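Read through the structures below before going on.
Shared chain: chain A. Partners: chain B in the first complex, chain C in the second.
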Partner chain A sequence: MWMTRRNLTRVVRMPSIIIPMAIMPLFFVVAFTGSFSGITEVPGFPTRQVINWVAAYALIQGASFAGLGAAGSMATDLDDGFIDRLLLSPIRRSSILVAPLLYTAIRALIPITIVMVASAMSGAAMPGGVLGVTLAYVAGVGGGVVIGAFGLAVVLRMNDIRAMSVVQTLAFVVMFPSIGQVPLVLLSGWMHWVARINPVTNILRMARQGFLGPVTWADTWPGLLALAIGTVVFGAWAGYELERRNP
Partner chain B sequence: MTAAVGLPSTFDGSRHRFRVTLEQGFALAKRSVLSTWRSPAAWVPGLVLPLMIAAVYSAQFAMATQLPQFPPVDSFLQYMLPASVLQSIAFGAGNAGTDLATDIENGFFDRLMASPVARQSVLVGRIMGAAVFSGFESLVLVLVFLAFGAPVKGGVGGVIAIIFIAGLLAIAVGGFGVAVALRTGSPEATQSMFPLTFVFLFMSSAFFPTELMNGWYQQVAQSNFIIDPTRRLVIYGWSWTDLLQAVAVTLAVAAVSLSWSYRMYLRRLEVK
Partner chain C sequence: MTTHPISAHGLERSFGTLVAVDGIDLEVEEGEIFGFLGPNGAGKSTTVRMLVTLLKPTGGTASVAGYDVVEQPNMVRRSIGVALQDAAIDPLMTGNELLKLQAILHGLGSREATRRSGELLERVGLTKAGNRRVGTYSGGMRRRLDLALALIHNPSVLFLDEPTTGLDPTSRLSMWEEVRALNKEGTTVFLTTQYLEEADQLAGRIAIIDGGRIVRQGDPAVLKDEVGDPTLRIEIGDSIMLDTAKAVLTTFGEWRPARDGRLAIGLEGGAKRMADVVRSLDAQGVPVAHIELDTPSLDDVFSDATGRRLEGAMVDDEES
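Let's turn to the complex of A and B:
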């Protein structure tokens, strides 16, 4: 808790950290809605209002910035020797990883809320009701934590601030070939295949269902499973990298 | 009398200074190109990411080309060609500013200022280096698009025109980066300007035709006078009007960015 508070204090003291996290989700909502509004005219597109489709994508993209923030703060702490001092002190090693992930989860609430408000103002529907909104938040926070865990693992592995660009690029590469902008039925060839097996598709489906209709278990459990597997696998990897580190 | 012997006349002196500035600018541009080339991390993303986005979008939006409002293209990949080239410049031209900020931070800029180098050549070298490298990246991108079946209807002239426009745009974008670098002296601050170029790119017909947009966004996107004429060279064929429109608008943007960067340069010299 102390380490999470320390990270949150850093955000309060350096508002510049929060600016990309606040502005980029807004930009995503505006850019995706404005640029691709015509895509709804393609026969078979599930909604006439593009915002109902892209809000979930903007939400996950925005939350991913919170995850990158966790990796960034770890990189800074590694660079100035803070992590090595922590490793020498009598604290649980797991707390060194849990704290930035908790910090990510709290930070992710900001871009998610911004996207939800901006989407509502842009005319997004929410037939899924409170449950739909809750699942959108769960998907966003979970997505941020998965990217955060992945980022921690890569940063600990590379032990270099430049690991951030690797994390950023890989997060971008994984999110892109999914149902972010176009539904699976309208994808063909290699893209259809990649989007179908991409776990981001399941997370997006979970986040998006409330914008398109009632919430169903069939659209929920694959997303929850993808988030759980992602957190466990990347969390374990980050733990392994921390364990093999000698201060 | 003796002192005047061997000295160039005022006209000859100006010509000499100009030649020296060009020579030094060329040497610094060469240094800039070589240092970029030797750091693949600085230029590989500028080639790979636009190609990846083009591959993904052309698979995702293939169906959209059948809509009646969509321009007559062979494929979405062909529609994406100019956008990918401009995207590559957005990635690459910012490096001119970041590299200059690094030079300022590590003291190379101060050593350069202490040496008898022509003042203008420092700016000319940095920006020309970015333009040359962007031209090279654009050529590679166009060749990859051609290999994947996205023709340039404007032919060889069209390809040369795209590379020329790309080089000019790199000067325009690079000028802004250099101005920020000179103003702040910080690579981080200069790099933080980079997302702005993406905002301009997104708020245009780069990724989707304006005919399929609506409201204020469509009006803003229609005011982007560089990407549309460049695309017409790709999908309709050669046109002097389109070339001149793209070049004139890019030159106007470059004039603004270069003026700003020169002002910032003089300001930094005053501070020194």
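Let's turn to the complex of A and C:
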């Protein structure tokens, strides 16, 4: 908890850290809503209001900035040697990774809430009710944590603050070929194939269902599974990299 | 449990084909200040990182506070305080916050952490600055805070990696005083330094590392005595007479490494032969621009062991 508190203290003392996280989700909402407003006319599109579609993508994108923050925080600790202070203490090694992920989860609440409020103000519906809102938050926080765990692993692997550019690029490349912008039925060719197997699609489906209709287990469990697998796999990878660095 | 707070046997560390530490043996006695000297790149920091469990050895064994650094790293971490060369201090946090965080990381309760933080801030003279962000601290203040952080859990063994590098003379003296005081209280101190004077002033015993190997180890006074004759350094006023000067000096002792433009010999018979040297040079018409006679220093000990000057090597490193 103290290490998470340290990260949160850094945010309070250097508010510029959260500016991208606060501004980008709003940008996504405005940009996607404007650019894709005509797409609702396409036969097969599941909603008449584009905000119902883009809100989930915007909140996952925004939450991913929180995940990048965890990786950035670790990269800074590696760069200035603060990681050695942590490694020299007799705490469990897992705490060194859990703390930034917990910090990510807390931080992710900011962009998710911004998107939810902005979407509501733009006329988004929430037929999924409280459960729909909850799952949108779960998807956002979980997505941020998965990106955070992935970022920690890459940063520990590369042992360099420059790893952040790799993390950012890969995180957004993975998000793009999914149902973020258009439904699966409107995608074709390799894009359709990749989006179908991309776990981000499942997470988006879970986050989005409450905006489009009632919540169903069929649209929920694949998203939860993707988040669980992502957290476990990337968390284990980050743990391995930490162990490799400081056996 | 061994009887030595720090011991290493055949300790090795390689990075690929590069052997950074090549089978060193060390035994530090309880309650002593042990100086670990060497030029940059000699293997000092790698050795320290292995002893404090930040780096796994690729060969040999080491124990600290009676615990094996590989098999019982957490027990080692509970027993030691470490102030590394680059004080890893979060500039956005205050001194007080960092001390409390460090205390919690070492298992102290919240109330004890607060009490101990206040006590240590007072000890290192940072009470007034305790609630200021560390980013506003001077280099000396950061070092003092780093020392306080290393002491938060009352460690029995303290590792100080170049604690005064980059400090002004006043801050350096103040740090020396603190190290002496800690040692008087019973803390065993493993002091890595590139300052010969620092080792001379503080350490009861030293080890000199070069090229990953320990080339000398023992009491500084004894090591200096073992070097033997004092070093006579001469600067010739006219370089044309250099060969003549060399021919004269050869008769007074063995050559020792010297900086460019100077000649140095171990003067057999010591200070009483100095007048003879001057007379002989004068008789051959060699103009002497500068002459000095140094009793053996730790630099001479290093030079005797390696054929190079430690101080010169460090100057070169710093300049490059």
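Please note the rule applied: the second predicted complex is superposed on the first by the 245 of 247 C-alpha atoms of A that agree within 3 Å, B and C clash if a C-alpha of one lies under 4 Å from a C-alpha of the other, contacts with A are read in each partner's own complex, and residues count from 1 in each chain.
Everything below uses one rule, namely that a contact is a pair of C-beta atoms (placed from the backbone, for glycine too) under 8 Å apart; a residue touches a chain by one contact, two chains touch by 3 or more.
Being a predicted model, the structure only gives us computed values, none of them experimental.
Three-chain overlay on chain A, with chain B and chain C fitting side by side and no clash. After overlaying the two complexes on the shared chain, residue contacts for A:S89 are found with chain C alone; chain B is out of touch.
When the two complexes are overlaid on their common chain A, residue A:D80 makes contact with chain C while staying clear of chain B.
When chain A is checked against chain B and against chain C, the one touching more of its residues turns out to be B. Following the chain A superposition, chain B and chain C show a smallest Cα-Cα distance of 17 angstrom. In the superposition on chain A, no residue of chain A contacts both chain B and chain C. Contacts from chain B toward chain A in the complex involve residues 41, 45, 49, 52-53, 56, 59-64, 66-67, 69, 195, 199, 202-203, 207-209, 211-215, 217-218, 221. Within the complex formed with chain A, the chain C residues making contact are 52-56, 70, 74-75, 77-78, 80, 82, 84, 86, 88-90, 92-93, 97, 100-102, 104-107, 133, 149. Against chain B, the residues of chain A that register as touching in their complex are 20, 24, 27, 30-31, 33-39, 41-42, 162, 165, 169, 172-173, 176-177, 181-182, 186-191. Those residues of chain A whose C-beta lies close enough to touch chain C in the complex are 2-3, 6, 9-10, 13-14, 80-91, 246-247.
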